[in-house]
Amino acid sequence: MGNFLRLVGTLAAIALVASFGLSAVYNATHEIAEEYKRQEEAQARTEVLACEPTAHFVETLTDSVVSGKKFAYYAAYASEESDEVLGYTFKAYGKGYSSTIETIVGVDATGTICATETIFQQETPGLGAKVVEVASKNTLWDVLAGRAEDETGTEPWFEVQFDGGVLADLHVVKSESADGILAITGATISSDAVTNSIRDGLAMLLSIVGIEGAPGESSGAPADPPPGGTGAGEDS
Amino acid sequence: MRERLIVSASPHIREDVSVQKIMYGVVIALVPAIVGSVYFYGYRALYLTVLAVVAALVTEAIIQKARGVPVAIRDGSALVTGILLAFNLPPGVPWWIPVIGSIFAIAIGKQVFGGLGYNPLNPALVGRAFLLASWPVHMTTTWLPARGGTLSGTALHGIDAVTQATPLAVLKKVSEIIADPSSTTHQVVQAREALADLGSADTIVNLFIGRVGGCIGETSVLLLLVGAVYLMYRHWIDVRIPASYLLTVAVLAWVFGGPSGFFTGNALFHVLSGGLILGAFFMATDMVTSPVTPRGVIIFGVGCGVLTTIIRLIGGYPEGVSYSILLMNVATPLIDRHTRPKKFGEVKSSG
Amino acid sequence: MKAMGELVKGIYKENPVFRLALGLCPALAVSTSVENGLGMGAAATFVLLGSNIVVSLLRKVIPSKVRIPCFIVVIASFVTIVELVMAAYLPELAKSLGIFIPLIVVNCIILGRAEAFASKHGMGRAMLDGIGMGIGFTFALVLIGGIREVMGDGKLFGFMVFGPRFQPVLLMILAPGAFITMGLLMGYFNLLDEKLRKRAEARKAGEGGR
Amino acid sequence: MDYGQLFAVVIGAIFISNFVLMRFLGLCPFVGVSKDSDSALGMGMAVIFVMTMASLVTWFVYNYVLVPLEITYLRTIAFILVIATLVQFVEMVIEKTSPALHKSLGIYLPLITTNCAVLGVAVVNVNEFMVTELPRNASFIFTVVHGLAAGIGFTLALILMAAIRERLDLGEVPESMRGIPITFIVAGLMAIAFMGFAGLKVG
Amino acid sequence: MHPPTSKEQSKDVGITEATLPERVVIPLRQALGAPAEPTVKVGDEVRLGQKIGEANGFVSVPVHASIAGKVAAVGRFPHPLGGEQEAIVIEGDGSEAWDDSVRPRDNVDALTSDEIKSIVLEAGIVGLGGAAFPTHVKLSPPESKPIDTAILNGAECEPWLTADHRLMLESPAEILEGFSLIMRALGCERGIVGIEANKLDAVETVRKALPGGSKIRVAALQVKYPQGAEKQLIGALLGRQVPCGGLPMDVGVVVQNVGTALAVHDACRLGRPLVRRVVTLTGNPMSRPTNFMVRIGTLVSSLVDEAGGLDGDVAKVVSGGPMMGMTQFTLDVPVIKGMSGILFLGPDEIDVGEPDPCIRCGHCVHSCPMKLLPTTIEKYVMAGQIESAVDAGLNDCIECGSCSYVCPSRRRLIHYFKFGKYLAWERKKAAREKAEKEKKGQ
Amino acid sequence: MQSVVARSMIALTSMAAIFGAILAVASRIFVVHRDPRVEQVLDLLPGANCGACGFPGCQGLAEAMVKGDAPPNACPPGGAEAAAAIADMLGGEAGEMVRKIAVVHCNGGLSNSVQRLEYEGIEDCRAAMLVGGSPKSCIFGCLGLGTCRLVCPFDAVELDEEGLVHIDRVKCTGCGNCVEACPVNIIDLVPEDVKVHIKCSSHDKGAAAKKVCEVACIACQLCVKKCPQGAISMDDNLAVLDHSKCTNCGICAAVCPTHTIVDGVKARPKAVIGGGCDGIGKCKEVCPVKAIEGEPGERHEIVREKCIGCGLCMEACPNKAINMVGALGHQRGRE
């Protein structure tokens, strides 16, 4: 019996110490981690609505029109007191190749996308991960030789494509000559995931806040709006 | 009489065949298709083929030298690999594609395993799969229309989603449009027209002759068959592999490949299009990477057929020949292991 | 001298990845770039060091029947610490290392060293062993990551190496590229070994005569 | 219950994102125990069993202990504790009750404790089926089926590899590439071949 | 499998009696089984047909003097089956007189089964079809295995050889009588003579020689290699498959070569022991390919001289046919009972050099009459995995040579099989010894 | 239950306790006795699985040793070191180990012996024997196809371009695999300290042997006569060395006219005649190689080039005037 107690006791004691230590670390860090997340999101929100620099955000939670699930968006007001809506931001979730890609989208009061920022993705590096890649001109040698150009603030080329877009623009194309969002080579799935999630979210938002021209009846988010097809958004 | 006679084990006479002879036989069998590729796509096809062959031979020689084994590029196997690799490339790829592909095919696909006879996977297809994964754009967009035909082999009434595509790619796209509930009626009508086009006698003839877009060596079924018949006549390929392969694809395509329910698929279209004929007669039959047992070759052929159809119908690529052969190559040792023929006079205890 | 040996053996002679073939999963999964390799290496080194120390301290108290569960709890604790700290202070890295951070727990190297080394040696040597193995692991990850990043993405440390006209070998970033790089590297090390051994033998023969 | 989706999970875990070839999990036993077909099969069976069991048990631990107490940050340590105990327990039971089974299967069990595929499947399960909004019973079934399928995928890769290695053993692989290096090359080529399953639309 | 038959050179050349050799070397080991014990010593006078070596166990046969004269030596001499073996050398005195023990019998038709068997044993008869297995053993199947059919093997499927062919053309009656005696010894009712269809003249001749009301039937066989192999012959004639590791008697059959039948006839009717046989000397470098009736023990070199010598370059000398025969390094080897021919091959008829790697073409698999996987078995043997090789059928291989013949990579398949069988045997022996030792230890 | 700390600690500790209890109970219920010593012994064995012990691999031997079915020194490759360690562990006597090394008794290479046929086939002496025998005219000689090299688990056999095999004295462990495998049975296990070897196995008569091989033993009996220990005898036209008697003096090698006997001693001492010499000449009488000169009564001298260091003179000198200098201790049986 003594042996038995010793076995159980040792394991339990180690677990006790471990859990104590861990919970201490957890207490010390999880706030920071969550704070970071909040910050990141908040910052992303301001960035994607950079066209309205003074925005003040208020979160609204509604039942989505399509699935009945919760749909969260922020409305941006000119100031804390103001009723004037400058725009909206929402988070789009798209199932990519190996992860669910999260993108924050800023929409102005007319329903035009102001900017987007992908804040989470775990796609294949070199392929799907290019949705957040900044096209750089600097090579390693430039950097080592100190003649690298400053590229801070440069946005990923894939994200930039969404800026100023409206609902009708949001479909993936594979060649530069066509109109639409140019897919990342070899990563159509990720490109589709981002584009379609933004489109679906935008459609939802527009129908909820009742912006004109929004496809109010848009049951079943259109999977592939044909070019020049059943006029969803207006051409801007 | 010699002073010192030769002593060896029986038999003391041998049939007049050799590895070299068989390999050059395959090359001869591929000549019609090479000529055809020049006719359909111009000298660029030959240029790419030569590049692939030279790169394959040089790589083989260099590695053999480095390994300290006799340089045996004259056995013709690297030559065949080079040609077949080039045959699996779109005619418009840049020059370095066949070169790098051949290097990879020979180095990683063959020589790391000890060279001829020891590689588990088909080197040419390893090379192709490597290229496809590494430079997907070059490998899927650089098609050229064949002389006397169009890229897709059909007229294609204004379906704009698929202008730059081979018959199978068109098939994939229109099937997607038809299956997609959000497609407009107009699109579906267009797609159905295109589909009918693909199945028309015209297209079938074009496919057979080779007046469609596609990889360098795969387009002309006719010319490939000429070579294949020669190989079969010489007993240098095992007919059971292409036979079971093609039959499986035909049946499955007929059963599941139709746009309007079971048993409506166009088997002939599926058999003639893409790289199936090339793959079935020249690549699935690569003896090094296919089973040796009589039952094994049938399983191999059927397996290739099943996988090809799956990839074509519901997979991510328009064409599945290379991947299905590679996958069955992977399974070959397992198949061989479990399909040992019953020995003469063997009574299986299990009955 | 001896301490030094304990420390450096992990880099080449007993490199956990290339030699002992341990910890292969993270070595391949997160070695898409040098940066990831460094991050993973550092995380694993920390866990190795920590668990080696604790295990070696506790080696006398733990009954052998519950040895493995105890070790695992210790290791898992350190991993969780890494996980939490990284999420708080290095969120970007945490994202790109993904589920392979929790999987450090089962990284064969760590349990392997705990079992094979730390549970048999004193704290000092266990520490050195932990650091040495960690360095070796990191070295392997950085090497593989470097090769894959340069060839598969045309970059090193995130900077372009070849200029914009280079068309990267995407396969290197994908799963097959990882396997093939690993295989070729191991083969190369075997070759190197053989050469070193031959040279040593030749030298010995030269000295002693035959 | 969406059976199509369930089927997709199965096909996904076996072929499209095979645990070994695409997700890099369980590589150590994959290279270690693929030398001959018989042990490969034994190991495979053991892994299938343990992965399924681990999925099942960790689901309970996660949903009935960690979530209610809001201590999901401890999942790694809790899961591994469960798995280690489970494996050791099963091994003891088998050894006692069926020595024959133990001989063919049990000797691989200790190897599995440190197989990251098992913990991997638990972690993947959490990410894919538990933190999402799946109804509870669906999440349970998906979890268990995914564990089973992942095990099958591992076993498939393992026995294919074992048969290939047995053939290579009879061949002429250059000295320096023998053993583990060539196993990796083969794994790479297998992964290339498995890329053919990419984008398979099932369910 | 259809190798060129190459029989034209000697098939129309009648059997000639070779001149009486001055000296014969008679190995005590003629083939399978234990070698005979010498019963004479140097200096002894021996007469034609006198027994000079006694059988040593059940699977063993006596040997007889094939010429009269004096024993000149007993010692090791080159042997056609390789290496050096114990042999008795007789210097001839030119006399053709038979030993007293040789007496013709008149009561042949009255001989019982047991009498025939003992005559066959005393006459030192072994199978003349190649393997030279003691015939009396084959004629004495255990009670549990009744024989219903005897087959006379006139297939002669080996290329080049024509000894059996000529024998059937020239002595059909004697052969058939010998065959009837074999059937009587076995107590079986049915007899079939199997002859390949490229020897239709022999089929005709033997058919004509059949006595009326005979229970023997003559069958023309499809020409293919190795039609003459026992198991294949039984399959072709009776549709029965001899089980793996089994013997023809397991399916109620015994197969004997036509030459063996003649020897049985000679022993029973004439009382003569086996001291001669037909040997085909052939091959492109031969100036005059010949079928000789030869005394056992005659040196091949003297036969070659008698046949007019060689006029081409010879790279290989083969005892037997090109598919299964053994190479010789010297012509100073004696004719033994199992030697059906001597084949000379020029340098361009054989292939030399290193084999290429196996390309797994499967030709060997298709050609194997035993339905084995030669390429797999070879690789197992090469890798030293003898158990796996045996598992895959190593010991079922009849060494017919088909697989090596068709292999485009010119793999040394048969050599590996011989080697593998040797290793398997060694291993078994070692295991047995160990088991015995253990038993003793306890 | 409010703080994370408390919840964590309670949850994890109780889980650990429960699992620990399950394991503890299970280990008692499902207890199976296994002997951990097998593993430990296995660790001490070389792990070459060479089979020299006669058990199925190292594992088999380890089990047998633990059971007491095999002595601790049953592993020849492991040598005295492993035997001692194992004995130490299992608590027994190590037993005595005389290290033995394989020696090939043939020196007929391609250039000094006659070949009788052109062999084409598997590179393995046993395989060659199956199809026609040795390619050498001497049927007792080494075939030179290296079977012994193939079977040696320790990589101790080298095959030179002369078609002769040499055994690396350092690597050879005396496992005897090559002895078993050689189809002409010309390999022998010889105590390590014997360094003089008769490199021929031919039982042919002198003339016949000489005809096919320049370095064959021609049965001249010189070595038999000259060996001071009487260690060499003739067996059917072949000189055979009794290893227990040999002292490595090297006289036989020096006198063998065909150089059949090979002297493996690298350096020998030389005799030095000191001042005590009174010219009695005993040494001169016994010297087998006539390396001593000197008039009777005068101090004798050693011709250093000729002296083979056998030490006979030293033993013969009644005045103890001779000393052996240099490379001392090479000889067996002297201390």
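For reference, chains read A, B, C, D, E and F in written order, and residue numbers begin at 1 within each chain.
By our rule, contacts are C-beta pairs under 8 Å (C-beta built on N, C-alpha and C of every residue); 3 or more make two chains touch, one makes a residue touch a chain.
No experiment lies behind these values; they were computed from the predicted model shown.
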For chain C and chain E, chains touching each: B, D, F
Third chains touching both chain F and chain B: A, C, D, E
Relative to chain A, chain with the most remote C-alpha centre: E
Among the chains, which is located farthest from chain B on the basis of C-alpha centroids? F
Chain centre separation in whole Å, for chain C relative to chain A (CA means): 34
Whole-angstrom distance, CA centroid of chain A to CA centroid of chain F, is 76
Where the CA atoms of chain A average out and where those of chain B average out, how many Å apart are those spots? 43
Taking each chain's centre as the mean of its CA atoms, how far is chain D from chain E in angstrom? 60
Give me the residues of chain C that touch two or more other chains. 65-66, 69, 73, 76-77, 80, 84, 168, 170-172, 174, 176, 180, 183, 187
Residues of chain F engaged with two or more neighbouring chains: 4, 7-8, 11-12, 15-16, 19-20, 23-24, 27, 116-117, 120-121, 130-132
Contacts with two or more other chains, residues of chain E listed in rising order: 326-330, 352, 357, 412, 415, 418
Identify every two-chain combination in which the chains touch. A-B, A-C, A-D, A-F, B-C, B-D, B-E, B-F, C-D, C-F, D-E, D-F, E-F
Chain C residues touching chain F - in the complex, by the definition given at the top: 65-66, 69, 73, 209
Write out the stretch or stretches of chain B touching chain E in their complex. 1-2, 4-15, 17-19, 21-22, 72, 75, 77, 114-118, 236, 238, 287-290, 292-294, 297, 336, 340-347
Under the definition above, what is the set of chain A residues touching chain B in their complex? 175, 185-186, 220, 222-224, 226, 229-230
Residue set of chain A touching chain F in the complex reads 3-4, 7-12, 14-16, 18-20, 22-24, 26-27
Counting only contacts in the complex, chain B reaches chain C at residues 108, 112, 130, 133-136
